[in-house]
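Every chain is named by a letter (A, B, C and D) in the order it is written, and numbering of its residues begins at 1.
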Amino acid sequence: GNDPDKPIVTAALTGALTTRDQCEAIPYTPVEIAEEAAAACEAGAAVVHIHARTDDGAPTFSTETYQEIHDEVRARSDVVLNFSTGAIDTPLEERLDYVRDVQPEVAALNMGSMNYAKYSDRREDYVFDMVFENPFSEIRELLAGMNEAGVTPELECFDTGHVGNTRPLLREGVLERPFHASLIMGVLGGIPASVENLAHQVRQLPDDCTWQVIGVGEDQWPLVSAALAMGGNVRVGLEDNFYRPTGEMAESNADLVADAVEMAKQVGREPATPDEARDILGLEAAE
Amino acid sequence: GNDPDKPIVTAALTGALTTRDQCEAIPYTPVEIAEEAAAACEAGAAVVHIHARTDDGAPTFSTETYQEIHDEVRARSDVVLNFSTGAIDTPLEERLDYVRDVQPEVAALNMGSMNYAKYSDRREDYVFDMVFENPFSEIRELLAGMNEAGVTPELECFDTGHVGNTRPLLREGVLERPFHASLIMGVLGGIPASVENLAHQVRQLPDDCTWQVIGVGEDQWPLVSAALAMGGNVRVGLEDNFYRPTGEMAESNADLVADAVEMAKQVGREPATPDEARDILGLEAAE
Amino acid sequence: GNDPDKPIVTAALTGALTTRDQCEAIPYTPVEIAEEAAAACEAGAAVVHIHARTDDGAPTFSTETYQEIHDEVRARSDVVLNFSTGAIDTPLEERLDYVRDVQPEVAALNMGSMNYAKYSDRREDYVFDMVFENPFSEIRELLAGMNEAGVTPELECFDTGHVGNTRPLLREGVLERPFHASLIMGVLGGIPASVENLAHQVRQLPDDCTWQVIGVGEDQWPLVSAALAMGGNVRVGLEDNFYRPTGEMAESNADLVADAVEMAKQVGREPATPDEARDILGLEAAE
Amino acid sequence: GNDPDKPIVTAALTGALTTRDQCEAIPYTPVEIAEEAAAACEAGAAVVHIHARTDDGAPTFSTETYQEIHDEVRARSDVVLNFSTGAIDTPLEERLDYVRDVQPEVAALNMGSMNYAKYSDRREDYVFDMVFENPFSEIRELLAGMNEAGVTPELECFDTGHVGNTRPLLREGVLERPFHASLIMGVLGGIPASVENLAHQVRQLPDDCTWQVIGVGEDQWPLVSAALAMGGNVRVGLEDNFYRPTGEMAESNADLVADAVEMAKQVGREPATPDEARDILGLEAAE
């Protein structure tokens, strides 16, 4: 389970959909990403969650790019590396191949299907409206691939059913306890963002598992604050939200990490270091 | 909201996936369906939820068949008619066309996407594993079509996010409060079946809305029992579960309705008649 | 924890405040109580909860009377014996002495202080308004006495704090896990009766503990129904509620037990026998 | 209900049980209290909650002292005045008399009976163990007295049942909606401190009511943080907790208020001014 004294702060450095038009600080190249990773770690992040991008910012699952990111980060920091496997409309094999080759310590894994949409109250229209497809067949194949490659899965749960989807996977043995759950809130199509709903999601989890909250968009800081109060881990970073609690746009991922660290201290918790995070998550110690 | 004294019992007479190989009592033809409807109503159901089927039991969205069902039921009973609009791999237009023409009082509407799967503990395998796609674009078109046709939607919510999906629809005005929610539990991919989770789903709903529980499979009766104790409405019937609380296979939908009625009485509630249900649901009185 | 297949049905045969003016079937004398116990057990109760009364129905903590009840019940039935230790305005020693001497298998223990009141909506007045005092000093002394006498405590929890009061008792060792909690609902001053609140109380308990719901007054049957659906144990009987689900006054405790047994079967559960209950509760087998 | 943008921060300046031996900053005399009140208001508190004390720090319900506190505070600040009416072993009349005479804007009112205890894990003993008696007869008399005097009650709810106790009071009309609830957590005997339990208590309240969390002791800051994230109001101050989030002892109530204000800002909320608080609570504007 989570450590009551030491929350793990994860920085989601770049994402796949965000652009520099929206926020200048978003890193694209492996070197840019690695610089952000090192600074985020310096500010208190124990884990960085990374999507590879081309030099123009387009999403890519290129093994070469992920390897470069891996090496550039490792040259600068011992932060725990967590890579993405999620995308809409990219074949499974492509998303899994690089995981086998680059072997990040942790890889994120989407735990179910859902609408993935955004509605703008201001424009009174849907900004996007997609079906995010993650059937069991793909979840199982990704888990099997990670197991083989020695990569620890981080289960991205966008709704109550996504947590429930662990049941058959545990039963067939492709997933084992304790597992690590991300409780994502604030994506239209998934569970709405509220402290009440966060408490509900936490109740779905076995006691031995760990969890973090991922708040997407403007509701992020209240969820981070509540999760820290509940003994949870938290994710912040430019993938999820550009803005600091004050309302200013962040100038770096490290800015956002620093804000989360400050909040952790206010409830008497001191962020875990990368090695403490490895211990909590059951990862092998860094070489 | 729901009536504390008078629960609405709905009978889901046939479904689309069940077969007579599994349970002999499943009606296929319009006349068979109408006979089951009348008997279910006699036993205490105020509403019947119906999927049209060919004479061989295959699912169909034929206007002619739905019209025939409508007429055969009406010839026998004043039960409230609720027709399905859901299917995997049937184009939206086909599912909506017949609604416009036949104009049932209520039509069911799936409120989001999800994995729709079944895992057999005994066989240690997935019986089926599908992605049930219901993007906002389709939900909106179905709602708009129903609004035009004067058909009241019944919102089928398989997870917490599906309830949350009402928010933009209310905002743009294609959906209005009070709405009617079905809280479906027990489908792998959606929210797991538990009384705790049922209470959570009910908390998501505005007070002025009505709700029923739909328990799929073996967890149905505890959910029916709990929902009746909570002041909710309930759905039973061969679409959802073949077995009576005693473990025997039902010989008719009326058997299952009679069991639900008995449970309602045990918590001091007397099932609503069709006209009382119309009143609770805000439907026009039957001619 | 509770047995998912076999609920324990307890019959609270007589209470201390109820009178024959209110309900003729209430037993007063040891022989009357024993006859009711045997019939309740025959109907499916595994446990009987008993308050001793004088032949006129006044409450008493007389060792002699409790011994007589013990012997008369044992002459007729192997039902598990659970005796009361609670009263307003009776000194602790008096309530504990007889426990040491008669050594019932289980004794009920009130876990905290509260207002104990009743408001009549009809009369628009308080029927009674008392402070029910159970300070830690008394709880500890009762627990120590029961431990010495080999009597298993049943923890009567009227509110969330009463469950929380187990914490220091466990820590100092006067109470051990797994313990047995009664979640009492419907007394004005304690937690209000609702399925939502029952789910909340259950969440407060460690997984290894057992629990039953005790619904006082008119909200009893919905709570019994919900508790059975949730995998809980239940208490019924003339101490708590005179009326059957149909609204008729019960002619015996066995009537009420039969109704609870019927409800258990409807959610697929078969009531535990006395020996099965002993096994679930960790009591020694009957000689 | 609460204002989503503007939390009301209350400073509980002194309490009745705390002493200068424990924390030097605790004010005793009316002037000391008034100085703390003005500084707390300056730091962002909209309300001060006050217990009168003699110059030696002993609790008192002297009208003269309360009047002096009232006048000294008013000479320095327009902060909302909330006075205590609670005590163990002080007759009701004494606690009510001064309220009639001094007429603070708000008076706190304990909503039920409970054990009021403290257990020291370190010393492995109970620091104190009392029964806090607040029968309905006293609650009603206090409410009637406040109504007559034009004083608004703040309902101190230490457990779920205490919120439920509003029901008969609303029905007989001695209490009216919307009311103002304090959800107190962390007193042994009442509801245990957790975010889960806070969410539960909030669910008990009608939507039109306002609420604040009062966290007693070391669990205070996580509860403050969570309550702010949930849209709630919060109370801090030397009555409840001497320590700042950093673990240092506060040098003044204003220190603690400043910490709460900082937390509010981190979730995008700006504390209400005294007049904004009056508006939210439905109090008359200050002259």
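Simple rule for what comes next: a residue touches a chain if its C-beta (ideal position, glycine included) is under 8 Å from a C-beta of that chain, and two chains touch if they have at least 3 such contacts.
Values in this document were obtained by computation on a predicted structure and should not be read as measured data.
One rotation lays the C-alpha atoms of chain C on chain D, and its angle is 180 degrees to the nearest 5. Greatest centre-to-centre distance from chain A is found for C, with centres as Cα means. Between A-B and B-C, more contacting C-beta pairs join the chains of A-B.
Chain A and chain D touch with mostly matching residues; of the residue numbers seen at this interface, over half occur in both copies.
The distance from the centre of chain A to the centre of chain B, with each centre set as the mean of the Cα atoms, comes to 37 Å. Chain B and chain C, compared by their mean Cα positions, are separated by 40 Å.
Across the assembly, chain D contributes 196, 203 as residues in contact with two or more other chains.
Taken as a graph of touching chains, this assembly is arranged as a ring, one closed cycle with exactly two partners per chain.
Chain pairs that touch one another: A-B, A-D, B-C, C-D.
The residues of chain C lying in touch with chain D in their complex are 112-115, 117, 119, 121, 124, 126, 129-137, 158-161, 164-165, 167-168, 171-172, 188-192, 196-197, 200, 203-204. Per the touch definition, chain D reaches chain A in the complex via residues 194-196, 199, 202-203, 221-223, 225-226, 228-230, 245-247, 259, 262-263, 265-268.
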